[in-house]
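In what follows, chain A forms one complex with chain B and a second complex with chain C.
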Partner chain A sequence: MSDESILRVEGLVTQFRTEYGLVKAVDGVSFELRRGETLGLVGESGCGKSVTNLSILKLIQSPPGKIAGGRVIFQGRDLLAAPEEEVRVLRGKNISMIFQDPLTSLNPVLRVSVQIAEALQLHHGLGKREAKAKAIEMLKLIGIPDPERRADDYPHQFSGGMRQRVMIAMALSCDPDILIADEPTTALDVTIQAQILDLIKNLTARNKTAVIMITHDLGVVAGMCDSICVMYAGRIVERASVDDLFYDPKHPYTRGLLDSIPRVDRAAAYGRDGPERLYSIPGSPPSLVDMPDCCPFHPRCAHAMDICRSSYPPETRLEGSAPRTVNCWLHVEEKRR
Partner chain B sequence: MNDSDNDALLAVRGLKVHFPIEKGIVFKRRVGWVRAVDGVDLSVRKGEALGLVGESGCGKSTTAMAIAQLQSATEGQVLFEGRNLAALSPRELRRARMNFQIVFQDPYSSLDPRIRAADIIAEPLRIYARRGIIAMSDAEIMAKTLSLMERCGLSPSFATRYPHEFSGGQRQRIGIARALALGPKLVIADEPVSALDVSIQSQILNLLKDLQKEFELTFLFIAHDLAVIEYFCTKIAVMYLGRVVETADSATLYHRPLHPYTKALLSAVPLPDPRKERQRRRIILKGDVPSPSIEHRGCPFRERCPEAMERCALSAPKLASAEEGHEVSCFLFPNS
Partner chain C sequence: MATNRLTRNGIAMTGLVIVAFYLAIIVVSLFWLPFDPVTMDTQHLLEAPSLATGHVFGTDEFGRDILSRIMKGCSVSLIISIFATALGAVFGTFMGIWAGYLGGRWDHWIMRVADVLFSFPSLLLAIFVMSILGEKTFNVVFAIGIVYIPQFARISRGAILTIKSNEFVRAARSNGASSSFILFRHLLPNILVPLIVQVSLSLSVAVLLESSLSFLGLGVQPPAPSWGNMLSGARKVMVIAPWTAIYPGFAIVLLVLGFNLLGDGLRDILDPRLRNVR
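Our next item is the complex of A and B:
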């Protein structure tokens, strides 16, 4: 990892118009990604992690969606202001994406080699034969046995884990600068998950590819990421290096989240005669329709103060081994509240 | 496990559930079998929480369905309080069912969208009252329903709401209240928290834990998440390809796993602890789980097993005691 920043997201706002009202799925998200860094984007369903990343690549369907503000700076250009043709060239070549469900993101009627080769032909101008040879090479790299023969198979002939490998081969075939992995292992079993995470780690380390890893699994993040952004109700509430976040969480939500996961390595503590109780965050995440300008976590927060109910806390910078911020009134100096 | 069958609330012996694979549209012919459950032995003692863990397709849910008599077994017995459930008449089975109820995985599809919350919870009571199995008036049923709702963390003012008006966690609470309505002794919980977010998952786990104490429930808890199983259960059975490969109490299983599959499974579970994660050596298994339609002569795990021996291809090991209270099905241990 170097200090060179390759992607900067500033104040991203993405909204959806629904029959219930305006949903601010992403509400002022900013972060920075450095070359070779693996950044985790963590949060529960509906917190805006996926929408953030779809917005980066301008993949939000409009209407009902709309990227209403912010900038996404890649190679000195604001992607949100760039014309569609320019962004299309970047997609798959400089920034590529793998999705949660490998079955629905592969084309069922095309042979996998054709699907991997497509990006190579499009972005690198390779001929059909060269592209297929490179596709087979990619299949070999991701550990598909007998790649020459398997290249002509269709997606349904692969198992779930194999399909996700094929997705990874597609995503990395053009040596992108950034790989966005949206819950890449959520649909997979743990032993297969271990294989896939291992693969992503090794392949991205080779070319110093930066990774944005979207997941709800804090265990995955602990093993894969250098730094982490925790999202809640469309905003990043805490950002820190992986160690700072896990060993010294500052936001009450992060702390609650960490305490509420059962852990295999605590089996002994749970004991023989009725384990200890798990910590749990009361209530459930808020609806994002017409959110008032308060801290969205306050109804579930044990430390909620009056000010939390009336205005959203500003970003506070903290000491840490990586850029560290938290959005919580507890960390705002008293005179500034 | 047969020695403990006497004081067991539930005992499963040699359970097999095979599904036929058929070809042809008009003239169907059988071309093979999917051996979803292929010889499972289990016993759950009163007050215990037994966890059944394994990857998708290993037969955990089919085992649960066969235990609850929602799926007929190809072979083997399910004994509840010593009675073979498959031998009961429909009437007797209905009576016996009061004592074992299920909480399903998906809180969205397991509730009828057109029935109000209170009616969903009251339905089992009404059915049993109508058939004269329990004596309760409508007013008593409603009172019981409301108290169940309250006990499961649902405000009684939600009684007239429809399922779509609830969040995933609240729906799972409705499912739990429904399962408890008839006062069961055994609750079969099939992945009750897998569809939920972390912060909601811990609420539901705590609720189940409290209910277990309060109503002296016995649990058969099915999940693919080892951490959840270890938290909730006193004893764990690890399944692979339709068979139980290891059973032990939860602390023993974590600290001294014996079967190579259990070891790999444990090492693959990501820990929310970056320092531990960096130090850990993962056992990465090769390949995928083989199809359950292939008949295995030897140990079904041998193709992926890092410690496979010649012997493993010749015959299948059987589940046998390796040490006190710890059973394993692997040739690395002499009793198998």
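Our next item is the complex of A and C:
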């Protein structure tokens, strides 16, 4: 893997104006993606994972959404400052996306070959014939049997797993530099999940496509990613290589997430009210409306201190096999001592 | 498939047969008519229908053959209806889908204009447009088309609103598709069903509107025959020669019925929510 950085997100802030007030869905997210790297973005529902990635491609509905600050540097340009037309040309060609629900991500009235070749038609001006040939080639690549015949089928004639494969083929048809996969396996059977992940892994390895894998499934992250960013309430609270994170989580929230994974061999270990109870982090994620300047995790944190309630912890660098940071007062203290 | 369901749907088939019958009459009238529809014949004024004279539906107050005039009027009425509906459907749909897709201020203004047009009764609006444009056959197309624009705008806007939040729209955007590409490639095919149904129902109303305008003297101008102006002429002699009114009236009723049956049937066939209800 080369160290060449291909995408840099700096201090991204995305807000939504709602009737309850200003929602800071993403509040100062920064990360860097290198060519061929797979980056996991982990966190609970509503922590801003998807919004972060939609913001990168400027796909936020506006109004009510608004990208209020930050920079997204791709190929030396700030996408957030670039005109819409310039960003549109990059979408699907240089940066493409896979969405969560394969059942609704395909247009029900268009043949799959048309949809797979869409990006090619848009970006390379392929004719109908060539586009279909390319679509058949992609279908073959993603392991759809009898691709010549299936190319003319409609999405409803495919199963959920096959549709997600078609989505992957669509997203990768132009050999993009970056693939953003927004919970690509959430809607699928566990048995299909592994196949889909393998497919993403193999296809992106061909052209050293970097992947941003958005998920709340730490199992997916463990098998796929090189490094991980853990998000909470619109901010990245910890980043580390996969090994560091799994063996030595630093942020109490990360620890809680890892403890929440149900384990077959330790099903009863954490039970408080009985052997069959699974562990979960107490409390629920905070409302993102008018967030005070504090650690948003402190009401749920077992280690909360006075300072956690009054100010947000700065980013602390830690030792690790990859750049490793954590935003928690526990570690700030540690360093001072 | 849809064709199969069409042949099994009695209502739609009845409508289709009626419409096909009228289309056949148009084709025949291009090559052959029993009599010349505009030449007056003072020897045979207001003759009752009879096989012996060849005037199967009788003659009018100028001695013109009513059957020939109905056949000729058929193409006038149908062609005007078809063009007017096409005009309204194309412009109305175009306005409606952009309003629905763009939302916000665009939506607001486009739909307010549509609301204003909608607030006039159809016939009144058509008369209004005709009196501005002048009484020419082509202007009838325009008058009826304008009446239809807000109707199609509303239907297509509503349909777009229900599907534009689908994930596949976002997927297309993330693929680099522009707004017009998304609208015409992805969204328009998804709303064709309600539009097709509306087209066929609109055709029936267009036939009525054209007849009404011609009846009032604003539409097709005599001596060119149209069912509306035939009825208008028959008004004065209806009591002594009822056939002058009955046959053109029947022609209108049957065609309107045909389009309505076809429209209702198509809705049953194409709307998945109504499928398997029975």
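Going forward, the second predicted complex is superposed on the first by the 315 of 337 C-alpha atoms of A that agree within 3 Å, B and C clash if a C-alpha of one lies under 4 Å from a C-alpha of the other, contacts with A are read in each partner's own complex, and residues count from 1 in each chain.
Convention: a contact is a pair of C-beta atoms (placed from the backbone, for glycine too) under 8 Å apart; a residue touches a chain by one contact, two chains touch by 3 or more.
These numbers come from a predicted model, not from an experiment.
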First (chain B), second (chain C), both or neither touched by A:L258: first
Chain B versus chain C as contact partner of A:A194, first or second or both or neither: first
Touching partner for A:R91 - first (chain B), second (chain C), both, neither: second
Partner, of chain C and chain B, that touches more residues belonging to chain A: B
Overlap of the chain B and chain C footprints on chain A, listed as residue numbers: none
Parts of chain C lying in touch with chain A, wherever the complex brings them together: 104, 166-168, 170-178, 181, 185-186, 189-190
Contact footprint of chain A on chain B as seen in their complex: 55-56, 167, 169-170, 197-203, 205-206, 209, 213, 224, 226-228, 230-232, 234, 249-251, 253-255, 264-278, 280, 282, 284-285, 288-289
Footprint of chain B on chain A - complex, ascending: 44-45, 159-162, 189-195, 197-198, 216-223, 242-243, 246-247, 256-258, 260-268, 270-275, 277-282, 284-285
Contact footprint of chain C on chain A as seen in their complex: 57, 59, 63, 88-93, 96-97, 99-101, 104-110, 118-119, 122-123, 167, 170-171
